[in-house]
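What follows are several structures.
There are two complexes below, and they share chain A, which is joined by chain B in the first and by chain C in the second.
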Partner chain A sequence: MNLVELTINGKTVKAAKGATILQAALKNGIYIPNLCYDRRLSPYGGCRMCVVEVEGQKGLSAACSTQIREGMVVFTETPVVAKSRKAVLELLLLHHPLDCPVCDKAGECKLQDMAYKYGSTSNRFSASRKDEPERLDSPVVERNPNRCILCGLCVRICQDHQGVGAINFIGRGFKTKISPAFEETLDCEFCGQCIDVCPVGALGSKTYRFMSRVWYMNEEEMICPYCGCGCTTNLSVRQGKIIRGRGKEGVGINDGDLCGKGRYGFDYIYAENRLKTPMIRKEGNLVRASWDEALKYVAERMGSIIEKHGPASVGAIGSQRCSIEDNFMLQKFMREAVGTDNIDSAARFGYAKAHKAMEKSFGSDFMPIGWEAPLNAKFLLVIESDITSAMPVWGLNFILARNNGAHLAVADSKETKLVRNSSQWIRLVPGTGVALLNGMMKVIIDEGLYDKEKAQGIQNFSALESSLKDYTPAAVSAITGVSEDEIRNLAREYSSAKSRLVAMTSGASENIKSLNTMLAGANLVMLLGDSPDTLQIPAEFSNTLGMWSAGVRPAEQGKEMQEMLYAKDASLKALYIMGENPIVTFHDVAAVENTLKGMELLVVQDIFLTDTAKMADVVLPACSWAEKDGTFMSAAGAVQKIRKIVKETGEAIPDWEIFVRLSKAMGKDLGLNSVAEISAQVSEKLSTLGKNDLKLSFNPAAYELIENSSSEFPMLLVTANILQHSGALSSLSRNLDSVVSDAYLELSPADAEKYKIINESYVKVISKRGEILLKAIISNEVPEKTVFVPIHFAHAKVNTLTYPAVNGGIPLVPVRIEPA
Partner chain B sequence: MTFNELTKRIFMTEILKGMALTLKTMFTKPVTRQYPEEKREALPGFRGLHALVRKSDSSLRCVGCGLCAAICPSRCISIYTSEGVDHTKVVDRYEVEVLKCLFCGFCVEACPFGAVVLTEHFEYSDYSREALFMTKEKLLNNWDKFMAGKKGEQYFEKYWRPLAEDFGTPENQPVLKNRRAD
Partner chain C sequence: MIVKQRAYEAKEALLMPALYAAQREHGWMSPEAMKSVARALDLPPATVKGFATFYDMFRKKPVGKHVIQLCTNVTCILSGSEDLLSMLSDKFGIAPNETTTDGRFSLVAMECIGACGTAPAMIVNTDFYENLTKESIFSILENYK
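Moving on, here comes the complex of A and B:
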């Protein structure tokens, strides 16, 4: 990197060529006041607070938009500069109301700080202040146009960085204000990035409104409990209660970026159905019990089942939300104290597919995503995934890559946020991503565009070649609905790009992709001679990768999830569930419920009284993520600490401690009694990850639907994530529920007309497994013959309709819809 | 023992000197006040027990800005606010731990509205800590008891008047777009 040397306030500093004075100064610890600068945005030069004196230059220069030159001499605090800043502040304070006593920003307000430092105590001008009504009508975000200083940060971060563009300047002159179009109610994705960048109190968090003043709170850095990004969120704690979350520049992998979940989702730990004491089922009802009583009961019952049916009749389900330590203790307890290998988790329907694909194709046992991988590629191909909603902050890197000039091609059936921010939208029939990839590979092989030397040396190349025989552009076009030319062009452009990336998500709730899609992606990567990390498949939740690596999966002979919960013969007698709610989050609820009812002993260890816990024989209360120490491993493979920042709820104890006590109650000491001891063993186990040699091999992947639409069930139901929620956990957050609180059914206007469905009316969705009632939303984003349903909400029971699939077929659900 | 000391001891000079002083003060006015029967007027600006100012419509003047708590060196003030029904800021709790307070009066000076004050009342000893934990209601009662009416107004003008009250745009200054500040 070219470095430029310049002098700021007599101090010689070095900065990258092309940087601005402000960037060079901030990087070297010299603060220049600014109101409209943000590290993520291009210079704006609107506020004129950052003016500095440059030697040899007439007048003052705006530091945020003046590039540095070799030998430049800059003074940031001179009387002339101070006078200019004072005048700017006088003009800003002409309109800015001095309602600091009731403004939540007071104490961390940039304008307040600057007025304190440079501002005058009286104003030479006078003008009437704005008297606009406060806008509190939208969820989560409040707007106070009177306090706005029109720096434009919110507008720019929303448009340029977040890729939404929900707000803009409205009106002219003194009447200018920030508002959504036509001054309507704000209806955006509610990420809250605008709140963080607002230098004054014009945008605020409604959930934090008048809750506290900043100087009462301690700010704690915590890892967000939701998706696999592993963002650091700064949680403000007052009197032992978390009252707000925000991102902070320079903190965590996300560098201050957060989505709505990270910013508002923390309050699920204050849900009303938190478990406070252990409970044992007595005469059909769950009754409160003491820890000793409950653990003794579990130990005795489990002991007798092991004695009677053998240890293989016991199974366990781990949690992607619990820490690595918790999951490590679960598998240690099951393997050493119980002696069973029947350990699995919900990742079986999600990340396990990605892992299997990576293992088969690359021979790799540990493939975390590269956080900056999207930024290093020139052509990004995203297959049927809305990364911006499954991994919102990582998704921002895709938008950034597009903004930096990379080509972002998104193959998706629905018009998602990523599609809106893409360079090319390949609109295909849902679930046909694997066919598209195969079609691309066929074109690449036929036209000889692949890396012949490398690809032909990889195992199974001929098998791949023959398997692609049927995927001619014409055939693929018929399957995917994408024109032949588009497929050919995509294949040509993709293969000729300088650097490439294939990305897709691996959510358990997504039924448009399967193992085959991921294998096809891996094939494409190997065909063009790219390295395995060209294929980016993130782990779904905050600790999916950590749980997986800690050993919560069958090692040898153990039963996988399908055998445990969906097998017809009831070989499992006891099930231990940690932090999972199969009745809501697993597919085909009826089958799961049936299996759980047949259990002799069902132990549920959770933080809430979930629907599954209500069926349990014993319920053990555990600590939530903010109430215990531990570590999470993000999708990028970073092991990050979580800390106890608030007191535990009721008698709850951390999950790992439950296993320590339970193993002692069963008369077997696991020999680990603290987080530190467990962490030592865990890090020993994790240190072996990703060390094995890669062994590439092609795996032909065919396109097939497990169940296709028929005349009885003519529509295909696609289950998906929505941006504001993550799994079923976030639906217990009051803040996030104020944005979206119920499942809905999105369908195209043509289908709505065909089935006589009115917008926002209820519809019956019927599959061969059952029927549910959902509110219909008619949307242009959705293609015909397809309905989209978010999966997160327990009461909607969407999983009544779905079915599990871990192999290659695409598990789309054929349904019929009727007006209710 | 020297000769001088011996004579002093024999003639009891020291005692006689003392008795002379006693005799002299017997005829002067006593300085000791017979507290609590006899009470002393507080000097103007006295810093006694805390109170929260009640506005003329009997509501609380405090808006819960928290500046008093921010400046308090002994951290004895805690304020809890929330959003009221009409979306305004409501002070739910305003608590002063009087036993922690060192009566510096910074809170009064920091208050931008003159809403928290120190009254002239200082006789509030009690047997329990709870009685000296001042809640919002107790603090408002203090105002009614000790400062309401003329006295409060006088104190406000003389001691509690926030600095912000004196700022403003002078009449003869240029006005933008012919509009005067409201």
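Moving on, here comes the complex of A and C:
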């Protein structure tokens, strides 16, 4: 990097060429006051608080928008500068109300701090203050236009960084205010980034309104419990209760960026159905029990089942939300105390596919995403994934890449947020991403655009070549609905780009992709001679990768999830479920329910009394993520600590400790008694990951639907994630529920007309497995013959309609809709 | 690269001409007009509203058939535009930023239109007039029925 040397306040400092005075100063520990600067945004030069004296320069320069030069001499605190700042503050305080005693920002307000340092005790001017009503009508975000100093940070972070643009400066001059377009209730994605950047109390968290003065709270850095990004959220605790989350510059891989889940979702631990004591089913009802009683009960029943049916009749389900230590102990307990290899998790329907694809294609056992990978490619191709919803903060890097000049092509059937921020939208029929990839490869091979030397040396090249013969542009166009020219151009442009990236998500609830889509992505990467890490498929939840790596999957002959829960022969007699709610989150609920009912022993260890727990013989209460120590592994492979920051709920104990106690009750000591001891053994196991040599191989991947639409079921149901939720967990957060609390069905205006469906009315959705009722939303974002449904809400029972798939076929669900 | 460069594409650059086009069609910047611009350019409505409310050329309420935009900045004032403005007000019975009851004229006190050398000046709809006098201004307006 080219460094420039300059002098600030007599101190010689170095900074990168092209940096501004403000950036150079901050980087070297010299603070210059500023109100409209943010590291993530372009210089704005609006507030004039950062003015400094530059030797040889007439007047004052705004440090945020003046680039440094070799030998520049800068003074940041001179009498002239102080006088100017004082005047600026005088003007700001002319309009800004001095209502600090009732402002939640007081104590961490930049304007307050600056007024304290530079401000005047009197004001030479007079003017009327704004008298706008406070806006408390939208969920989670409150707006107080009177306190606004019009720095524009919220407008710019929303538009330029988040890619939304929900608010703007409305009006001109004194009357200007920040508002949605037409004074309507703010209706955005509710990430709350605008609240973090607001230097005053004009924007605030409604959930934190009048909860505490900032100086009464302890702020704790915690890993967010939701998606695989592994962001650090800063949680404020007062009197043993978490009352606020926020992002902070320089903290965590997210460097202060947060989505709504990370900011507001912490309160799921205060849900009403938290378990407080163990419970045992007696005479059909779950009744309170002591730990000793419950563990003894499980030990005895488990023991007799093992004796009668053998250890292979016991199965276990791990949790992507529990810590590495919890999951490690679950599998250790199952393998060593019970003696079964029937261990799996919900990741079987999600990340397992990505893992399988990476293993088959690259011979890799561990492929975390690269956090900055999107920033290193000139052409990013995203296949049927809204990364900005599934991995919101990592998704920002895709928007940033595009803003920095990369080409972002998104193949999606729906107009998602990522589509709105893309350079190119390839609108295809849902589930046909694999065909599109095959079609691209066909063009690339036919036109000789691939890396012949590398690709022809990879195993199965000829098999790939012959598998693509039916994927001519004409055929692919017929499948995907994308024009032949667009397919050809995409293939040509992608293959000729300087650097490339293919990305997709691997959510268990998404039914538009499958193993084959991921294999096709890998094939494309290898065909062009790119490195395997240019295929980016993130693990879904906060500890999916950690759970997977800790051994929660069959190692030898154990049953996988589909055999445990969906097999016709009921060979399992006992099932131990940790932190998972199959009756809601797994596909084909009727089949799951049937299997669970057939168990001789069902043990559910959870933090909530879930629908699955209600069916259990024994329910064991566990600590939530904020009530125990441990580690999560993010999708990027970082092992990060979670800590006990609040007291456990009732008699709950950490999951790992339940296994310590249970194994002892069964007379088998696992030999590990603390998080430290477990961590030591896990890290040994984890340290071997990703060390094997890669072995590349093409895997022909066909496009096929497992079930096709028919005259009886003419529409295809697409299940998807929405930005405000993550699995079923977030629906227990009151804060997040205030944004979206109910399932719905989105359909195109044409289909609405065809099936006589009125906006916001209820519709019956019927598949061959059952029927459910959902509220219909008519949306231009959705293509015809398709309905979109978010999967997060237990009461909507969407999984009544779906079915599990672990292999190559696309598990879209044919349905029919009728007005209810 | 520390100072971030946003690779601008043409969307925002089209906003001004698009707003003019919408104003020609709708007569003023109605919410519908702004929403249609937002849809056409695929921009957030808040961005469009922000632009539209910043510039004086975009009308915030419905106007008459003809819009008289008389400059009231320094040079024009010195050359008598204040008198002209009050004459127009008296004649049509409306204050600046109002519209006659028959909907024929709207009167706008305009910021500088860059005609200081030939002040006072005005723009009627899109037609430019300079060196205005008490006599000439009414005969000009006679042409706008």
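Methods note: the second predicted complex is superposed on the first by the 820 of 820 C-alpha atoms of A that agree within 3 Å, B and C clash if a C-alpha of one lies under 4 Å from a C-alpha of the other, contacts with A are read in each partner's own complex, and residues count from 1 in each chain.
Everything that follows uses one rule, which is that contacts are C-beta pairs under 8 Å (C-beta built on N, C-alpha and C of every residue); 3 or more make two chains touch, one makes a residue touch a chain.
Note that the coordinates shown come from a computational prediction; the quantities given were computed from them, not determined experimentally.
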Based on the superposed arrangement, let me know which partner A:Arg129 touches: chain B (first), chain C (second), both, or neither? first
Touching A:Arg420, do we find chain B (first), chain C (second), both, or neither? second
With both complexes superposed on chain A, which partner does A:Gly18 reach: first (chain B), second (chain C), both or neither? second
Who does A:Val102 touch here: chain B (first), chain C (second), both, or neither? first
Answer with first, second, both or neither: which of chain B and chain C does A:Ser179 touch in the superposed model? second
Touch test for A:Pro43: chain B only (first), chain C only (second), both, or neither? second
Quick check on the superposed pair: does A:Asp160 touch chain B, chain C, both, or neither? Answer first, second, both or neither. second
Just to be sure I read the superposition right, which of the two partners does A:Phe210 touch: chain B = first, chain C = second, or both, or neither? first
Give one of first, second, both or neither to describe whether A:Phe169 is in contact with chain B, with chain C, with both, or with none. second
Chain A contacts chain C in the complex at 16, 18-20, 23, 40-43, 67, 155, 159-160, 164-172, 179-182, 402-405, 420
In the complex of these two chains, what residues of chain B are touching chain A? 63-67, 69-70, 78-79, 81-83, 87-90, 112-113, 167-170, 173-177, 179-182
Okay, in this complex, where on chain C does chain A touch? 1-7, 31, 34-35, 38, 42-50, 53-54
Can you list the residues on chain A that touch chain B in the complex? 94, 100-102, 106-107, 121-129, 134, 136, 174, 209-213, 215-216
